[in-house]
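Just so it is clear, A, B, C, D and E label the chains in written order, and each chain counts residues from 1 on its own.
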C-alpha cells in the first residue's frame, strides 16, 4: 500500500467536504460536511504516523485529539444552530445576512 | 535774554565751524549722525505725542528741520572757507556671512551740499506747511510722515554704504507714498500714492540687484572701498561694472522720474503742495541724480558707454517734459513737468560728464523750483482750485506771492542775475564743449520752451481778469516769509559758481575719491556761444509768451478755447499775419506737437502702467482660482474623495453571507498556494 | 546656576507649559480667572527661563551646543533624551516662548466661540511645549515626537473654535463647515509629510547607527551617506519639512487652516509652526546630507521662487483678508527657503532672521486681522473700508505692519529678503549660477508683487470712506490687552530692523560653524 | 519531571477557571458578579509566579522534551493574556450584569479562553499549539452568541463558528502535511528536517495552509470576512476580547510557527505574509473610512492593525540568520501596545454607547460637551490608535517601520510606503470620530446619564489603568520595549 | 499500487465506498440519507485505520464519531425539523463556484501528494502498538490531554447555556 493512496483519498474527502460546506443551505448539513473534512485529516495523520512509525506515535495521538476536538466543535455548532432555529424558525444560513457592509 | 542765548549760540557755532574747517571735520563731522537721527526722533515724538501738542506736532517738525538746516549751513560755511571735509564714521549692527552691516555716515563736499539744500528747503517748506496745513483733517500724521521724509532723505545722502543708501531710498519712497496719499478719502489720491510707490519699487529692483552685484564682487558695501577699487581699476569689478552702472541708473531713473519711469510724478501732485514743493521739486527727485553723482567715478572710469545712455535718457526727458508743461491747465502739473524737464537737464549734464554743472543746477533748481511750488501753493490756498482757468489777475491782490513767483520764473527761465541762468548756462556750455551738438540745440530749444510755459503760467495766473469766484487774498505771513527766503536763495545761489569769479562750488561736490581733474572741468570762463544762445532763447520765450498770453489777457480764455478745436492754425494766421513766420513755426510746434506728446503720454505710457497693474490682478485671479483652487486643491480633494469612494465601494464585498466568506477563505488559500508554486518553479 | 547649564534649564523651558496645562486640568471650568492666571504664569516662567538662557548663552562659541544634556530614554531602539541649543535655535526658542505669552495676554478677555477658556489655554500650553521641544531636541526620535506633538492641539484649536461658515469645495458634492475641512486637511497633510520624514529618520539611524543629530551630522560631513540611499532619505526628509514650511505644491493646507483657525490659533500657526519645517532643513537635512543637499539645492531654489511669485499672485485674487495674509506667508517663506537653498552662511543667516521676522510680522498681521474680524464680524475686504477713519490706532498698526511685511528697510522684514537675494547671487560653489541668479531676479520682482498686494489690501481696507453699513456702528479702538500683546511685537519689529545683530549675533557664527562642518 | 514552579501560572489560572464555575453554583442571582471577583483575584494571584519565574536565573525551562517550554517569550505573553483577561473581566462586570445574562458561565468561558492562549504561548509542538488554539476559539464561538435573544448575536456566533471550524480544518490539513514532510511534531524537529525539504511544493503547501489557519485568527484579509459581522453582533466586551485576546493568540501562533518552526524557510512565509499585510492594511483602512457603526469601524481598524503587525514579517524573510529577532521584537511590541490601545478603545465604546444609547458615530455628536470625561479618554485612545505621539501608538508604528527598513530592498521599501500611506488614511476615520465627539453640535435633548457616577466603578478602574498605560508607554516606551526585546530572544541568534 | 497485494483490494473497496458515501452526504435531498451516509464514510475510515494498524484509533472513531456525533446530528436534524423527503432543495441554486473550488483543492492536494510521495510504501514498517499510544499520551502529550479536557468542559457548559430554553422571566 503506497502512502499516496491514502493522501489522494483524504484529499478527495476534504474536497467533497468543502463542496458540501459551500453548497448546503441548512446549517446542520454544513456541520456534517465539516465532520467529513476532519475525517479526511484523520486519515492523513494516521497514514503519515504509520509511514514514519515514530516512537511517540505522534500521528495517531494527533488523530485522537482531532476526534475529541471535533466532538466538542459539533456540540458547540449544534448549540448555536439550535439557538438560531429557536429565534428564526429556520436553520437556513443564507437567510442570515442582517450583519453586512 | 533771548539775544544772549543767540549770541552765545552763534559764537559756539562759529568756533566749531572754525575748528571743523581746518581739522578734518572735527567734532562737527563726527557728530554728523545727529543730522540723521534728530528727524527720526522727531517723527517718533510726533507720532506718539503729536496729538496732544498745541500745533499738532508741527513745532517738533520745524524744530528738527531747522536744526538740520543750521547744522548744514555751518558745515557749508566750514567747507567754503576751509579746504573741504572728508569724514566717515559708522557702528556695526549685524553681520551676515562675511558681510558687515553698519549704520555709517559720510561727511564730504557732496553730502554737505545736500545737507544744506535739504535742511534749508525743508525748513522753508515746513514753516510754509504750518500755515498751509491750517485746519487740515490730520496734521499730526502729515508732519510725522513729512519729518520721516526729511530723516530718510538725510540718511540717503549721508549713507556711507550702499545698504544704508538703499534703506534711505526705500524710506523716502514710503514717506512719499504716505504724503501723496495724505487725503486718502478719495480713491484717486491713494491710487496716486500707490502708483508712485509701485513704480519706484519696480525701479528699485534694478537698484537692489545692482547693489548686490557690487557688494559681492567688491566684498563690502562701503562706497569708499568700492571707489578705491574703481580707481585701482580692479579686474573683477571691471567686467561687471557696466551691469552695475546700468542697474544703478535704472534705480536712479525711478526715483528721479526719468523717461520711462516718469509717469508717477504728475499724479504725485495729488499730495498737499508743501509736499510737492519739498519732495517733488527739491529733494526726493534729486536722489537719483545724487546716486549717479555719488557713484560717478564708476560711471566715468569703468562704464563710459552707460554715460551716453544717461545722456540720451536725460535729453529725452528734458524735451518731452518741457513740451508737456506747455499744455497743462493745472498749475502744479505745469511745475511738475517743469521739474521733470530740469531733472532731465541735470541727468543729461552728468551724462555729458559735466559733474559739477549737473550738481550746481541741482543746487540752484532746488531753491527756485520749491519757491515756485510754494507760490503756486499760496495761490491755490487762496483760490481753492489748482486750475489756472479759475485764476488770473491776482497781481495786485497777492503782491508778495506775485513778486516771489516772478523771481522764481525768471530764475527758471535762466535770466541773468538769477540762479537759473548760471547753472543752466553751465550745462549748455558743457553740452557744447562736450561735443554733443544735437543735445546742445535741444537744450537751447527747451530753454526757450521753459521760458514760454513759465510766462504762460505767470500770465494766466497773475495777469488778466480774475476768472474764479470768491475773493482771493494774500497768504498769511507764515507762508510768505519762507517764499521770501527761498527767493533770496534763488537769486544768490547762482553766484556761488560764477565761472571765473567764484569757483568754490567744486569744494561742495568733491568726495574722497572723485579725482580733481573730474572736478576741474567746470568752466573757468563763460562759454559765450552757449551763454548767448541760452540767453536769447530765454528772452525770446518770454517775449513770445507775453505776445501770446499777456496782451489781452482778459480775452485770453476765449482765445484759448478757440485754439483748442482742430482748425486752430487757420484762425491764428488771420490775426497775426505779420508774425506769420514765428507763429507759423512756433505755434504749430507748440500746439499739435505738445498735444500729441501729451496724448501719447497719457494714453500710451500711462495706459501701459495701468494695463500692467490690471494684468497682474487678472493673473492673480487666474493663478488663485485656476491653478490653486481648481488645480492643486481639486487634485487633493479628489484624492480624498476618491479614497472615500473606494472605501464605500469596497464596503459591499462584505455581503453578510457566511458561505461566501467560506468561499473566500478556501479560494484565498488555493490562490495563495498556486501563486507560490508558480513563483517557486 | 550650574544646574541650568547641564540640561535642566532647557527642559524647564520646554516642560513648564506642559506642567501648567496639567495643573489647569484641575482648575474648575467656571473659575476662568485662575485658569488664565495659571496659564500666564506657566508661559511667563518658560519665557523668562528662555531669556535667562539667552543671556547666559556664550555668543563667542555660538556654534557649539549649549545647555545640552544626554539621558538614556528608549534603550530598546537606542534613542536618548538629548537636548541642546546653538545660535540657530536660540532666537527661535525665545520667539516661540514670547509669542505664546503674548497670545495668552491677547486673548485675556475675548475668547473665540464656544466659550471655553480653560480648554483653549490647555491647548495653547500643549502647543508651547511641542514648539519649544522641537527647537531644543537634538535626537531624531525626540525631534519627531515634538514635531508631531504640535499636531493635536492645533487640530482641536481649528476644529472646535474654528470658523463655522459653510463653504462649497471643488471636488466635493455637499457643503462642509470650513473648520472641519480645514482641521482634518491640516492634520492629514502634516501627518503625510511626517510619516515619510519618519522613514527618512529610521533609514538614517540604520546607516548611522544612532539617532543623535550631532553624531549623524559628523558622519554626514565625513560623507558616509551617499548614492541613492542619500537621495531617498533626503527625499523623505524634504517631503516632511516641505509640507510644514509650506513649499509650493504642498501649501494648499495653509490658506484653509489660517482662514478657519481662531485668531490666536493662526498667530501661533503662522509665527512658529511654519518655522519647524525650515528649522528642520537647517538642523537636520543639510548638515547630515550635505552632498545631497547640494544636488537638491537648485530644485529647492526654483520651488522657493515659484512660491514667492505664486503666493503674491494668489494674494491679488483674494477677497478674504485672513486668506490674503495666509498666502503672503507662502510668499515670505519662499524667501526663507531661497536663503536656505543657497547653502551659504549669508543665505542661511538670512533664513534665520527671515524666520524670526516673519514670525513677528505675520503674527502681528493675524492679531490685527483677528481683532478686525472681532469688531466687524466679517473678513470680506469688499465690505471693509475706511478703517483708519473708524479705528485710527488699529488702522495705524495695520499700515505699519503691512509696511514691515512688504520688506520695508529699517524694519524686520527687509533683512531676510535682501540677504536671501544677496546669498542667491553667489551660492555655494558647485551650484549652478544660472538657476540662482535667475532666482534672485525673480525674487526681486517678487518683492514688487508683495508690495503691490499689500498696498492694494491697505487701500481696500484702511483707506477710503467707511461703507454705509458701518455708519451708525460704534467701534472701540485697541483695548488694554491688545495693546499689551502688540506693543512688544511692534517694538521687536523695529528693533530687529534697526539692529539685526539681535538675531544674527547668535545665528551667524552658528551657521558659519554648521556650513564649515558640512561643506568644507 | 514536573517543574511545578514553571507550570504555576497555568495551574493557577486553571484553578481559577474551576473556582469561578464553582462559585457560580453557589451564588444567588443578584450577587452573580462575585464570580467575576473570584476570577479577578485568581488572575492577580497568577501574576505572582510569573514575576518569580522572570526573576529566576535559568531563562528556559522546557518539559516533555521540549514540547512545552516556559521562556521569556512565554512569560511575556502569559502576563499579557492575564492582564487582558483582567481588563476584559472588569469591562464585562457592568455590561453583563446590566443585561442579566448567564454571568457565571460567561466569566468561566472567558477565563477558559485565556487559559488556551497561555497554553499556546508555551507550546512548542503542533498538537499543543492546535489544542491551545481550539481552547481559545471554542469558548469564543460561544461567547459571541451570548446575547441569546438578539438575532444579530446569533448570526455573529454562527458566522464566527463556521469560518472558525473551516479554518481549523485547513490548519489541521496543513499541519498534517508538515508532519508528513518532516516526520516530527515538535518545532525543533520540524526546523531541522525542513532544511532538506525547504523547496518541496508539499512543504510549501503545508506551511501556507497553516498560515491560512492562523490568518483567520488574526483576521488578515482575505480571511477577515467574519470579523466585522462578529465584532458587531457579539456583546462589546466579547468583541474587545476577540479583537485583543484571540487576535494575540493568533499572532502567538504565527510568531511561533514562522520564527521557530519554519525558521529554515523564511522565503516562503515572508512573501506570503507580505501579501497578507499589504492587503489587510489597504482593505482594512479603506473600508473603515465610510463606516457608520463605531464597533464595525473598530473591526476594520483592528483588521488594518493586523496588517501593520504582519509588516515586520515581510522584512524578516530577507534577513538571514541572527538579526531575525529585530522583526520578531517589532511584532511583539506592536501586539502588546495594540492590546492596551484597543482594550481602551472598546472600554470607551462601552461607556459611550451606554451614555448615548447608540453605536452610530452620528449619535455621539457633541458628546464632549455633556460627557467630557469619556470624550477625553476617547480622544486619548483613538489618537493613540492613529499613532500620534505622545500616545503609545507612535512607538508601535515606529518600531514596525524600524523593523521593515532594517534592510531596505525594493519590497520592504514598498511595504513601508504602503504602511506610511495607510497610517495617514487611518488617521482620517479616527479623527472623524473625535471630530463628531468634540466638534459637532450636541443634540438638543440629551438623555439622562443612566450611570449615577458617569461610569460604572469597574469600567472606571479599567479606564484608569489603560489611560495611564497609554500615556506612560507613549512617553517612556521602554516599559514595553524591554519586554519585547527579552521575548525576541527565542527568534534566533 | 499493484493489485497483487490483498490489502490493496481492501483499500480499493473501502475507498470507493467512502467516496461514494461522502458524495451522497453532500448531494442528497434527504437529510436522513446524508446523516446515514456520513456513518458509512466514517465506518470506512475506521476500516482504513485498521488496515494501517491503528486499531485503537479505529475503535475510538467508531465509538466517538459514529456512536455519539452522528446521533447528535440526528437529534439536531429532528429538532430543527428540516423537511424530509422530496421537493425542498437543500442546496444553493448555482453549484458551480463551489464545485470549482472543491475540484481545485483536490487537484492541488492530491497532485502534490502524488508528485512528492510517489510510490513510498506504507506497510514496510512494523505497526505502532496501542501501548505506545498510551505511554505517549500520558508522557509527552499530557498537557494537550489536560487542555482538551478543558475544551470539552467549556464546550459542554457553553452549549448547555446556549441551547437551553430560558425560563420566560
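Definition applied: contacts are C-beta pairs under 8 Å (C-beta built on N, C-alpha and C of every residue); 3 or more make two chains touch, one makes a residue touch a chain.
These numbers come from a predicted model, not from an experiment.
Counting hops only between chains that touch, chain D reaches chain E in a minimum of 1. Shared contact partners of chain A and chain E are B, D. Between C-D and B-E, more C-beta contact pairs join the chains of C-D.
When every chain is represented by the mean of its C-alpha atoms, the one lying closest to the mean of all protein C-alpha atoms is C.
As a whole-number value, the distance joining the C-alpha centres of chain A and chain B reads 99 Å. Centre-to-centre spacing of chain B and chain D amounts to 79 Å, using the average Cα coordinate of each chain.
A separation of 38 Å divides the Cα centre of chain B from that of chain C.
One inter-chain figure worth recording: chain A and chain D are separated by 26 Å, centre to centre, where each centre is the mean of the chain's CA atoms. Across the assembly, chain C contributes residues 188 that each touch 2 or more other chains. Taken residue by residue, chain A touches two or more other chains at 7, 14, 17-18, 21-22, 27, 30, 47, 51, 56, 58, 61, 65, 69, 72-73, 76, 79-81, 83, 93-94, 96, 98-100, whereas all remaining positions touch fewer. Counting partner chains per residue, chain B shows two or more touched chains at residues 640, 651, 654, 656, 658-659, 662-663, 666-667, 673. Those chain pairs judged to touch are A-B, A-D, A-E, B-C, B-D, B-E, C-D, D-E. The touching residues of chain B, counted against chain A in their complex, run 651-652, 654-659, 662-663, 666. On the side of chain B, the complex with chain E involves touching residues 659, 663, 666-667, 670, 673-674. Touching chain C in their complex are the following residues of chain D: 329, 333, 383, 388-390, 394-395, 398-399, 401-402, 405-406, 408, 413, 416-417, 420-421, 423-424, 427-428, 431-432, 435, 438-439, 476-478, 481-482, 484-485.
Chain A contributes residues 7, 14, 17, 21, 27, 30, 34, 37-38, 40-41, 44-45, 47-48, 51-52, 54, 56, 58-59, 61-62, 65-66, 69, 72-73, 76-77, 79-81, 83-84, 87-88, 93, 96, 98-100 to its touches with chain D in the complex. Residue ranges on chain D touching chain E, taken from their complex, read 14, 17, 21, 63-65, 67-68, 102, 105, 108-109, 112-113, 115-116, 119, 123, 127-128, 130-132, 134-135, 138-139, 141-143, 145, 148, 157, 173, 180-181, 200-202, 205.
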